[in-house]
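Going in written order, the chains are labelled A, B and C, and every chain counts its residues from 1.
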């Protein structure tokens, strides 16, 4: 059976046998770095194309279909165009911060990739506080956005950045509480433990209604956290032209764009790990034949499939709903999502204590 | 009571959102609804009344029906048409006004059809072309009567 | 209530400040002339306090082509085509208004067939205009998909127009004395197809946007315009009818065959953005029913009255008004008896509707400004002329 675990193991054994441990570690770091960067490139290309195709079909049109078969190379062509474009820096801008911001944003999304298990025993670093790490690091990305908005010396950018700040800070709360309910059920912050606890069934199936509620809240909160419509107030096109990245062009703009999509991938993989069992195949009770067939599908395929399903749902939101207003956005968080998720957390705790979950 | 309103609010809101998502979901899965046409490959036939540009039809003997009466020039609101006339000598020795050059400035034309309506001899009509872009502006100034063409016999 | 106190506070501050509205901490933003939400080259200078709007000042003139002056040098047949370029979304209705004014001067009675064709074309244009507005409105508040759905149905109308009038947007189909050509043989069949199709699609519109909770929250309670204000700002059309003002020219001063068809004047009394939205949505259904009533009852006969080749209006002043998709469109011609008008004045609905923007948007958020502008249904060439 195809497995990424054996590949990584054989590489590690070979490196350790050939070089001394320090150099082997260095080599591993280089390999991981290259893999992460190439994952970024692939994700950017695939997700942008996916979004354009999804939006096109929802909008009864065909979408990109000229470059490459079925338009599959369209994003490559777009990237090429962005690379050769001049990267302008406005005159009144704070040049250092202006140029730093896109890199900060992209580095933060790279960091969050570290504890994510892409397949069975295939993750960069299995930290024992994985969930905490992810939610802590991902909230730093707001600094990059604020920096971009402030340094641009543009009023639209500033407004967009301020909106984004208010939005991300508030939605962190309910996203955190939603995540916490799974942590309560599992009793561990380690992502591999959380996945292992879903061996006999995903949390969304065996955790009763509270987990479903926290899943919905999680999806809403991360949509807001990644600045996606209907919560795309930071870059609300019809109000603020492009929000915090109004002044960016060329590759610096592309980095923001890439970071947006990578962030979606990250939050969706977190959602898949916590609620949909990560790389765990779908098992139904005692149907041994069915479970056996499911086991034959490689764990990486399971993981990618779940993540892309969630990404599709988030895209579906974007191409259906109008945008909220800033006060409505904060009302939704503080009046609806936060009380519900707090109550929900209590319920989950009760369920855990009484052992009512399957 | 308050709690009941709160819950029904949340429920109705979710329902309305799901309704919209069902609609877009329907279009996502039903590709036959797509209305886009692949333009350069598939060209839709334009209706015969479509106003693309003014042309002067010539028959197989290279003859047109324009008498050079300048009715179209007068009818045009933008000075798109400029008619240059000459004097032909008819077989019986009389001088007769005839068309020398029918100058048509496509860049000024708004396709309002007033010239075609004004023409007493139906010498000009609207063509169903629309791909008018050229690299050189001067190519938009056209001479509508073919070289060596003359007025069809019997058209007054 | 909060908003009112804010406005009063603000006004008091401004009066103590020598009328200067800006103060420390205010942000002055130029929205436009190139901005995604202004639908053209409208320039708004907005003063913000945080996210709250303190003042909106529209700057006009970016697309001023002096159409009124141009018309003075064009003959009565020629000047009609220029008016298509004013409110390009209801170009038919503009042409119709001008043709009506010229006919009034000439005292020509147009044949009944032409009257019905004109009304049919007007209503189809109104439908097309409202469809585009619906798509653009949804796009203004952030939903991008409805725009394409609206264009799908609008395309059907455009195809019908193309077949009969020869153009898709600036038709120039109305001429003094009637219409330029007879309707195309396919016209009735295609319009009936469109009616069947659109009846289904308009329910989809409601499903996708009208019922949506986010959309309703964005629209309700935003951009209030009271009945008195609507009248004093000179608002017309759906903008005023959303505030409870009865101002439909088709009902009040019926022209052509509007007194013979059954339709309701849609009036909503709420005066907020959602009321204006509902007025337009229901007007679409009304227009549809009007087209349905007339499409099988086009009388036989001429499509154009006999007029002279060169039109000369008698000395005097002529005014005619017509209900476009955006409101009352008036044409005022002063004639000295020559072949060209001495002076022409167009009363365009967009200009007066825009003048109420500052009043409506004050005290709301930036996002609301976009929604308010969307419900005003601004067409900038119509405002600037």
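Operating definition for what follows: contacts are C-beta pairs under 8 Å (C-beta built on N, C-alpha and C of every residue); 3 or more make two chains touch, one makes a residue touch a chain.
The structure presented is a predicted model; accordingly, all values stated were derived computationally and were not measured.
Novice: When the mean CA coordinate of each chain is compared with the mean CA coordinate of the whole protein, which chain is closest?
Specialist: Here the chain at the core of the arrangement is C.
Novice: If I rank A-B and B-C by number of C-beta contact pairs, which comes first?
Specialist: B-C
Novice: What whole-number Å value describes the gap between the mean CA coordinates of chain A and chain C?
Specialist: Inter-chain centre distance comes to 45 Å.
Novice: Could you please state the distance in Å, as a whole number, between where the Cα atoms of chain A are centred and where those of chain B are centred?
Specialist: 51
Novice: Centre to centre, by mean C-alpha position, how many angstrom separate chain B and chain C?
Specialist: Spacing between the chain centres: roughly 26 Å.
Novice: I need the residues of chain A touching at least two other chains; which ones are they?
Specialist: If we look for residues of chain A contacting two or more partner chains, we find 58-61, 319-321.
Novice: Give me the residue numbers in chain C that touch at least two other chains, ranges are fine.
Specialist: Chain C, residues with two or more chain partners: 145, 152, 208-209, 212, 214.
Novice: For chain B, what residues touch not just one other chain but two or more?
Specialist: Where chain B meets two or more other chains at a single residue, that happens at 17, 20, 23-24, 35.
Novice: Provide the residue numbers of chain A that touch chain B in the complex, in ascending order.
Specialist: Interface residues on the chain A side: 54, 57-62, 65, 316-317, 319-321, 336.
Novice: For chain B, which residues count as touching chain A in their complex?
Specialist: So the residues of chain B touching chain A come out as 10, 17, 20-21, 23-25, 27-28, 31, 33-36, 38.
Novice: Once bound in the complex, which stretches of chain C touch chain B?
Specialist: Residues 74-75, 77-79, 81-82, 145, 152, 155, 162-167, 170, 172, 175, 180-181, 184, 204, 207-209, 211-214, 216.
Novice: Any idea which chain B residues touch chain C in the complex?
Specialist: 12-13, 16-17, 19-20, 22-24, 35, 46-47, 49-51, 75-77, 110-114, 117, 126
Novice: Note which residues of chain C are touching chain A in the complex, please.
Specialist: 27, 29, 35-37, 48, 51, 138-145, 147-149, 152, 208-209, 212, 214-215, 217-218, 365-370
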